[in-house]
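What follows is a set of notes on a single structure, which appears directly below.
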Amino acid sequence: MTDNERSVIFRLEGVTKEFGADRRIFRRRAERLRALDDVSLEICRGEVLGLVGESGSGKTTLGRILVGSERRTSGTVQFDGRPVDSLRGRRRRTFRRRVQMVFQNPFTSLNPRRTIRDVLSAGLAARGVPRGAERAEALRALLQKVGLNEAMLDRYPHEFSGGQRQRIVLARALTVDPSVLVADEPVSALDVSIQAQVLNLFVSLRREFGLTILMITHDLRVANFLSDRIAVLYRGRLVEIGTRRQVMENSRHPYTRMLLSAAPSGDPTTPTHHPLLFGDAVANGLAGSGGCVFSDRCWLRKAKSNPDRCVTEQPQLRVIDGQQRASCHFAEETPVAAEVASVDPVSAAVTS
Amino acid sequence: MNESQHSPAAIDGDDLLRVENLSIDFAVGSTTVHAVDDVSLQVERGEIVGLVGESGCGKSTLGMSLLRLVQSPGSIVGGRILFGGRDLMELSDHELQRLRGQEISLILQDALAVMNPVTRVGEQLTEVIRDHVGGSRAERRRQAVAALSSVGFPRPELSLRSFPHQLSGGMQQRVSIAQSMLLEPRLIIADEPTTALDVTVQAQVLELLKDARTTHGTSIVLITHDLAVVAEVCDRVLVMYAGKVVESGPVQEILQAPKHPYTAALLAALLPLRGDPPTELRALPGQIPQPDQWPTGCRFHPRCPLRQRLGNPQLCSTDVPTAQGGPAHWAACHFVSEEGAVASHD
Amino acid sequence: MLKYALYRIALLVPLLLGVSVLTFLYIQVIPGDPVAGLLGPGGTPELIAQLRHQFGLDQPILTQYWHWLSNLIAHGDLGTSFTTRQKITPTLVNRIPATLQLTVVGLIFTVALGWPLGFLAALFKDTWMDRALSSLTLVGLSTPMFWVGTLLILIFAMHLRWLPAGGYVPLAVDPLTSIKDSLMPGLAMGIGLAPYLARMTRAATVEVQHEQFVRHAPTKGLRRRTVFLRYSARNAVPPTVVVIGLQLGSLLGGQVIVEQLFNWPGLGRLLIQGAIQRDYYMVQAVILVIAALYVLLNLLAELITAALDPRIRL
Amino acid sequence: GTTTSGSALNIISAEPTSGLDPNTAVTQTSLRVMELVYDTLLDYDKDGKLVPGLAQKWTPAANGLSYTFVLQKAAKFSDGSPITGTDVKFSLQRAVKGQALGASLADMTSVDVVDQSTVRINLKKPSRVFLNAMARVGNAAILSQKAVESNPSYFTKPTATSGPWSLEQWTTQSNLTLQANPNYWRSGYPKIKTINYTFSNDPTGTAAALQSGTADMTYPMAPNDAIRLQKEGVATSYPTPTPGLVMWGLDKSKPPFNDVRVRQAFAYVVPRADKQTACWNDIGTNATGNLVFSGSWAFTPGLTKYDVPKAQGLTTAGALLDKAGWKLAGDVRQSQGVPGVPDGTKLAVTVPYENNWSQARCNTELLQQDLAPLGVKITPQAFDSATFYTDAGKNKFAMYHAGNQWATVDDEMQQGFTCKGQVVDLMAKWCNPQVDKLIAQAQATLDLNKAKQLYAQVQQIVQEEQPAIVTGNQYAVVGLAKKVQGYVARADGSNRSLIAATVGQ
Amino acid sequence: MLTGRVILGATLVGIVLVVAVVGLFWTPYPTSLPDLPNRFQSPSLNHLMGTDELGRDIFSRAMVGARTSLIISLSAVLLATAVGTLVGFVAGYAGGVVDLVLSRLLDILLAVPALVLALGIVAMLGASGTSVTIALAWAYTPTFARVFRGVVVAARDHPYVEASRGLGLSAPVVIAKDLLPTVLPVMVVQVTTALAWGIMDEAGLGFLGLGVQPPAPSWGSLLIEGRQYLYDAPWLPIGAGVFVIIAVLGTNLLGDGLRDVLDPRSWTTRHSGRRARA
C-alpha cells in the first residue's frame, strides 16, 4: 500500500484557490478569500486518500479542482503525467470522464425529472456502449454492483431513500468507467446503518474496479476506515499527510492531534477530556500572513510558551518519517499519542 | 404496549420527568403516521438521558412533545407527561408559556436557523427574560452578559451587539445554549445539538452540557444519532426504532452488552477511531421503514439479523414484542433471552 | 453602505448613457414627420423644412447625438421641445416634484393597503379570511389601473363629489389642496400595486413562519405578540421592500396612465404628450429621467432592505 | 385644483402646441392664448363688425391703395413703453415673412411711419379683406421691436406685450398664468386680474373639471359634454357658429376621385343629418352644398344640391357611378372601362381620420355604413395626428376626414378653395382659375353684397365640382361656469370678450 | 385547491378564447353597423354591456376586440420569449465575457420601466397594432432574458447538471436533458404571467390613445372610445374593462397554479438530507 514505486495519477503542486478574485470586476480586495493555499500532494493509482479537516478548510474546493469543475488561481495539476490545462477537446472530455465526483447530498445530485434508466443510459452512451442488448447488459451488471435491482430502473429519484440515491449516484459515476473517484462526504447525510452499507459498497467497488479514491470527509472514523493515506487540511493549507497509521496513531502536527483528541472515543469507560482544545476554525482566509496558520489555536505553541517562530515564519511541509510529512516547526517534538494526557494542561476552557 | 410495565417500578420520587405511554400521530393526507407510539420514559434530576435512533424514528417529535409543542398536523393522541409532578396535558396556554424556556428549554441542531436573523444577540437573550420575569433593562442585560460569559465568551458585552450570522458556528451554538440556560431551567432538551458541528466544536458543546448538569443539577435529554456522543456524556440511553423505544438502560451496559439486535447493529456500524479498522462493516440490510408503513409485529423484523439467524420465526412479524429484562435495562425483543444471540452478533 | 451607494450612483452614468444611445437609435426607425404633425393642416413644405432645419433634424444621427450629448454634459441641456420650442430641462425639472409627490402618495397607499392585507392573510392562513383576501388580491392584480381610476372618478368625483376629478397644485403653494388633489390618483396607484405587495407580504410571512427561528420562538416561552411582531413580521418586511423596489417599474409605468387619467402634470403626462406629438427630444429626455428615477428609487429600496436586514452586506 | 378668487379665471384647455410666435403659431389653442397677450390694430365686435383695436381709427385712401391707421393715444406695452408706429411697421413686416399671415398680406407693398402714432400701409390693389388681416387675432399681433430684437428666445416667454394680459409663467404641458396688463390702453380693462390655464387633452377630464368647479372655463368642449352640462345646469356652453367646415378630403389626381361623377355620387350618400345627431349632438349645422354657415353675411340660401332623401340619393349616386364605369357586381362595385384602372378593381377606399378627434371616428364609421348599400367598401382607419398629416401631405390617402376652422368667411374662401389654398392644396390637383378669379374679385370689392354674390358663384361651382365633400359647419363650443359674467362668443372663436368679463363668487 | 386554481384559470381563459373564436363567425349584433335609435342603451338582457353612441352592442364589439387584444399580447409575449430565451440561454450557459456584455446590455434595457419603454417605442413607430406588438415585445424581452439567464445560471451549477457535464456529455445533451427541463417550468410560468401583462398593457396603451387604432376593435380602443362618454354612459368603458379583467384574472390564476404545479420543490417529496453540514 505505501509502496514508493506506486505510480502517481494526480500530482498537485502549489495549488492555490482564491474566491472573489474573478467574475466581478469591481471587487474590493478584502473580499478575496483564499480557500486553498499552496497545496502540493500526489494521489497514487489505486489508493484511497482521505482528506480531512474542519468545515471551510477547503476540502470540497480541492476536490472540485481535481475534477475540473473549478479553476485554480495558481499552481499546477498533473493527471497521468500531463498538466490538465494542456488537455483539449476530446482529450479533455476523456479526462473528465475518467475523474468522477460523488457529492455529499444525494438529494440534489439527481435530476428529479429523469428516470434512473435515463440517467444511467446517458452515461453509458457517453462512454460509447452501443444501444440495445449490450447496454441493457451493462446496465444490469452496474446495478448489481451497487446493490440495486432492475425493477427500480424506471422510477424517479424522489421514490428512493437517501442510501439508495447515493448508490445511484455511484452507479452513474461508474457508467463512464472512471479511474478516479472524488467522493465529497458521500456518507455524511446518511444514517448510521445506511452509512455502513454505503461504506461497504466503496470497499467492494474499490476492490473490483481498482479505483483511485479521494475520500473527502470531516469524520475521522470514516477516513480511518477507508483510507490508505490521509491528508489533513487546515484553513486551506495542507498541514499533515501520511499513511493511515502514521496520521491516526502517530500524528506529528498539533492540529491533527487536536482533531483526534476532540473526537468522542465511543467508549463510556474512558473518561474524556480535551486538554488540547480551544478556539474556532473560522475560515477567515487570511492565511499566509507570515506565521503558521494554526498558531492562534495551537496547544503545542502554548505549551512551549509561545515561541516567536510560530508567528513569524510559515512552516513548510517537510518529511518527518517516510511517507509522513507535516508542516510544523516543532513536529518532531509533538508528544506521541500516549503522552498527550501528560501535556501541561492548557486551558480547557472554551475561548474564542 | 407493555414496556411501560417496568417504568412505574423504576420511578422513585426523584423523577423530574415522567412520560407514560405517549403516542403522537400525524395526519398526512388521508393516512395517519404514528410517529411516536406508546413511549414511556423518565428522567431523574441531574441525569443526562440519551435518545438515539435513525432518521424519522420520532426522536424530535418526542422531544418537542415534552414542551407540549407538536407541529401541526401532529397531535398527542394518548399518554401522559408529568413534569415535576404536574401533568403537562392539563396546563393552560399561559402556564405552558411560562413553563417553556423557564423550566424546560430546547436546543436544536442548527443554531443559526433558530436565531432571529435580524435582531442582535443581546436583544434575543433579553427578550426571553422580559417575557418571563420582566425586570429592568439593566438587570436583563446583566443577566445576558452573565449567561454569555458562562458559556465561555471572553468579551460578552461585545458579542451581545453582534447579529447571529456574524458569529461562527460554534459561537452560535454556544449562544443558543446560553439562551436555553438563561433562566436556569430544570430540564434541557437538546435535539442533535452537535450534528452540524466540527468535532472540535462538538467537544466544547458537550463539555458545556456536562457543566450545566454539574453546576445547576439540570437534567438533559440529549437526542442524537451518534452512539459515540452518547457514550461520552449520557448516564442512560433509550434506543428508538420506528416510533418505539426498543431498548433502555444505563449507557455502559448498553454499549457493552446490548440486548436488542438493533442496538447491536448500531454499535457494529460504529467505526473505530483508533486501531486497524475491520475490512468490512457488518451493515444492516434494507432501509429504514417509512413512518406511514411501519412493519407489523416487531417493527425491526424485516431487517433483523437475529431473526434471520433463528430461521425467520413467524412470531416476529405478527406479535409486538414486550419489554424483556430488568427495570433498569430492558429491550423489546421476543428473543432477548436467546442466550448469546446478540453477543455473537457483536 | 455610503460607499456602495456612491458606487451605484456612479454606475448610473454609463447606464443612462446606454439608455440615451438606445432612445436615439429608435428615432432612426420612425416613420412620419413630427414637424408635419405639429403644424397640422397649416403645415406647408417650406414651413416644415424650416422647422426641421431649426431643430437640426436634417443632420446625420451621429451629429445630432453628439450635439445633444455635449449640450447635456456642458449645460445640463436636454434639447428643445419640438412642440413648445422651450428648453426641455427646466420643463422636466418643473415636473419632478409633481411626479415624486404622486409616487410617494401612491407608495403610501400601496404600503398602507398591501402590508395589512398581507399580514392579515398570513395570520389567518388557510381560513376563510385568507381565501377571501387572496381572491380579492388576485382580482386586484388583474384589474388595470386606469379602470380602477375611472371607477374612482365615477364614485368620488361624480357621485359623491368629495374629491376633484383631476388637477394639481404644487405642494408649496397650497399644501392642503395639493394633498387632496393627490389622494385619488394616489389611491388608484395604491389599489393597482397593493395586491402585489399583499401577496408578497403574505408569502413572505408564511415563509418566515416556516422558518426554524419562528417555530422555535414559542419554545423559549415568548409571548405570541412578541413572536408575531419581532419574529414573523419583522423578518417578512425586508423581502417585501425588495418587492416594492422591483415593482417600482410598474408603479412608474402605471403612474403614466394615472397622470393622464387625473390630469396630473408629472413626467408621465409629459411623456404621453411627447409621444402623441412625436416630440422626440422630449420623449427621450423623459425616458432618461424616468430611468434615472427608477434606478435611484431601486437603489433606495436596496439600501432600506440592507438597513432592515443585517445579513445583507453591500 | 386651482383656488378660485374673485378676480381669477381658471381655464382648462389643450396646450398651445404651436407656441406663441405670431408667425408660426396657427393652432386654435395657440391663438386662444396669443389673442389675450397680443393686441392687433383692429378688432371685431360680437357681430363680426370691425371695431377699433390698437388703432383708434383707420381711413382708406380714395383709390383704395392705402390705409392710414392712427394709434390709441394711451397705447403702451406691458412694460410701460409706448407702442409706436415703428413697432407697427416692424410687426407687419415681420408678419409678411411669416407663414401664418403671409398670404393674407400678399397685397401689402410697404408700411410708412407717418409719425409715431400714425402709420400708412400701402397696397398693390384695393382690398376689402385687408382689414380682416389686421384684425386677425394673434397672428396680426403688434410686437415691441426692441423686446423681440433684444431677446432671441422672446417667444418662449414674451415680455413687453401689447395685449390685455401679460404672460406671467408658462410650464409646458402643465399650466400657464396671465396677469392683467396694468398699462393696457383701454383703461379699466381687463376686469379679470389673473387667468390660470391648466392644460389637458382629455375632453372628458376637462368637462369634469368644469362640472366640479375646478375650472371656470373650458374649450373646445365635446358636444356631448356641452349638452350634458347645460342640461344639468352646471355650466353654460356657447356653441358659436364659425367659418369652420367638416368635410371629406379627396385625392383628385387619380381614380376614382379624378372623375367628378364619382365625387358627386359620394356627395349624395355621405352621412349628413345622421352624423349631426350621432356625432355632434346637433351642435353645428348640416351642409348640403353651401360652404358658408347660415348666420354669416355671406350665407346664400338654396345651395342644397345634396339635400335629398336617402333612397333618392342612393339611386342618383348609383347612376352616376354606373356612368363613371363603376358597376355593381354582387354587393361591391367594380371598374369596367374606367380609364387608368384595370377592369374588375373593387371600389374600396380606406378612410383615415385623426385618432384624438372622436367625432371624426364617429362620422367615418357612419360613412362606412352609408356607403355600403351603394356598393362602396369603406375602411375607416385611425391615425395619430403626426402620421395623419405627414401621410396626407404625401397624398397617401384617396379620401380622408378633415375639418378646418377660419377666422372669417373671406379667409375660408381664400385659404380653402383657391389654387394655393390649403384644403385643395393638401389633397392637391384641383385648381379652378375661375374660382380663383371670383374669390379675388370678392375680396377686392368693398361692397359686401357684391362679394356675397361672387361667393355664391364660387359655391355653385364647388357644389358641382366637389373638390372636397363638405358636410357641415363646425361650431366652436366654449363651456363657462355660471359665475363668469359678460363673456360673448365670437364667430372667429376668439375669447377676446374676456376683456370685459368678470368672475363672480 | 392547487388544481382548482388551474381549472378556474383555464376556464376563464377558455371562456375568453371561446368568445374570441365565436366572435370570428358570429356576434349577437353586427359590430359596426350603427343603430341610431338604440344609442346609449344601458346594459340589459338585450345588450349585456349596453350600446355605444352609434347604438352598437358593446358586448359584440368586445367579442371581436378579444381577437385583436389576444393576438397582440400573445405575439408580443412569444416574440419576447423567443428572443429572451436565446439571449438568456447564451448569457447563462456561456458565462464569462458574453454574459458580462449581455448582462450590462440588459441592465440598460431594464433601467426603463416596461410600459414607459413601450410608450416611447409606440411614439416612435406611430400607433398601430404592429407597433404595439413590437413595443411590448421589445419591452418584455429584457425581463425574459434576465429571468431565463438567472434560472440557467442557477441550473448550470446544480449538482446534477454538474454531474452530467462531469460524465462528459456534450453541451447540447446537457442542455436538452438537464437544463431545459429544469428551466422549462419557470419559462412556462413566466410566459403565462407575461401574457397577463400583455393584455393589460395593450389595454393601457389603448387607453392612452397609443394602442391599436379604431375601427379595429381591441379592448384598448374600446376603452378609449368609451371614456369620452364616461358620464353619459359609464358602462362603455366598464364593459371592455370587464373583459380585460376576466382575461387577466384567468391568466394570472393559470400562472399561479402552474407555478405551484411545476415548482421543482414539489417533486422532491421525501425529507432531504438532515445531516447536511452548515
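Should a chain be cited, it is by its letter among A, B, C, D and E, assigned in written order, with residues numbered from 1 in that chain.
Basically, a residue touches a chain if its C-beta (ideal position, glycine included) is under 8 Å from a C-beta of that chain, and two chains touch if they have at least 3 such contacts.
Not measured: the values here are computed from a predicted model.
Note on connectivity: the fewest steps through touching chains from chain C to chain D is 1.
Relative to the C-alpha centre of chain D, the farthest chain centre belongs to B. Taking A-E and C-E together, the pair of chains sharing more C-beta contacts is C-E. The chain with its Cα centre farthest from the Cα centre of chain E is B.
Distance between chain C and chain E, defined via averaged C-alpha coordinates, is recorded as 21 Å. The mean-CA centres of chain B and chain E are about 53 angstrom from one another, to the nearest whole unit.
Our note on geometry: chain B versus chain C, Cα centroid distance of 55 Å, whole angstroms.
Counting only residues that touch two or more partner chains, chain C has 31-32, 153, 158, 260, 276, 278.
Chain contacts: chain A has residues 55, 161, 218 touching two or more partner chains.
Touching two or more other chains at once are residues 55, 110, 169, 225 of chain B. Contact residues of chain A toward chain B in the complex are 54-55, 161, 163-164, 191-197, 199-200, 203, 218, 220-222, 224-225, 248-249, 258-269, 272, 274, 277, 280-282, 348-352. Interface of chain E with chain C (complex): residues 104-105, 107-109, 111-117, 119-126, 196, 200, 203-204, 207-210, 223, 227, 230-231, 234, 237-238, 241, 244-245, 248-249, 251-253, 256.
Against chain E, in their complex, chain A makes its touches with residues 55, 67, 69, 93-94, 96-97, 99-101, 103-114, 118, 122-123, 126, 156-158, 161-162, 169, 172-173, 175-176, 185, 188-190, 218. The touching residues of chain D, counted against chain C in their complex, run 1-3, 12, 15-19, 21, 24, 26-27, 99-100, 155-156, 170-175, 198-202, 205, 208-209, 211-212, 214, 356, 384-391, 393, 402, 404, 422-423, 426. Those residues of chain C that touch chain D in the complex are listed here as 31-34, 36-47, 51, 81, 83-87, 91, 94-95, 98, 153, 157-158, 161, 164-169, 174, 177-178, 180-181, 260-263, 265, 269-270, 273, 276-278.
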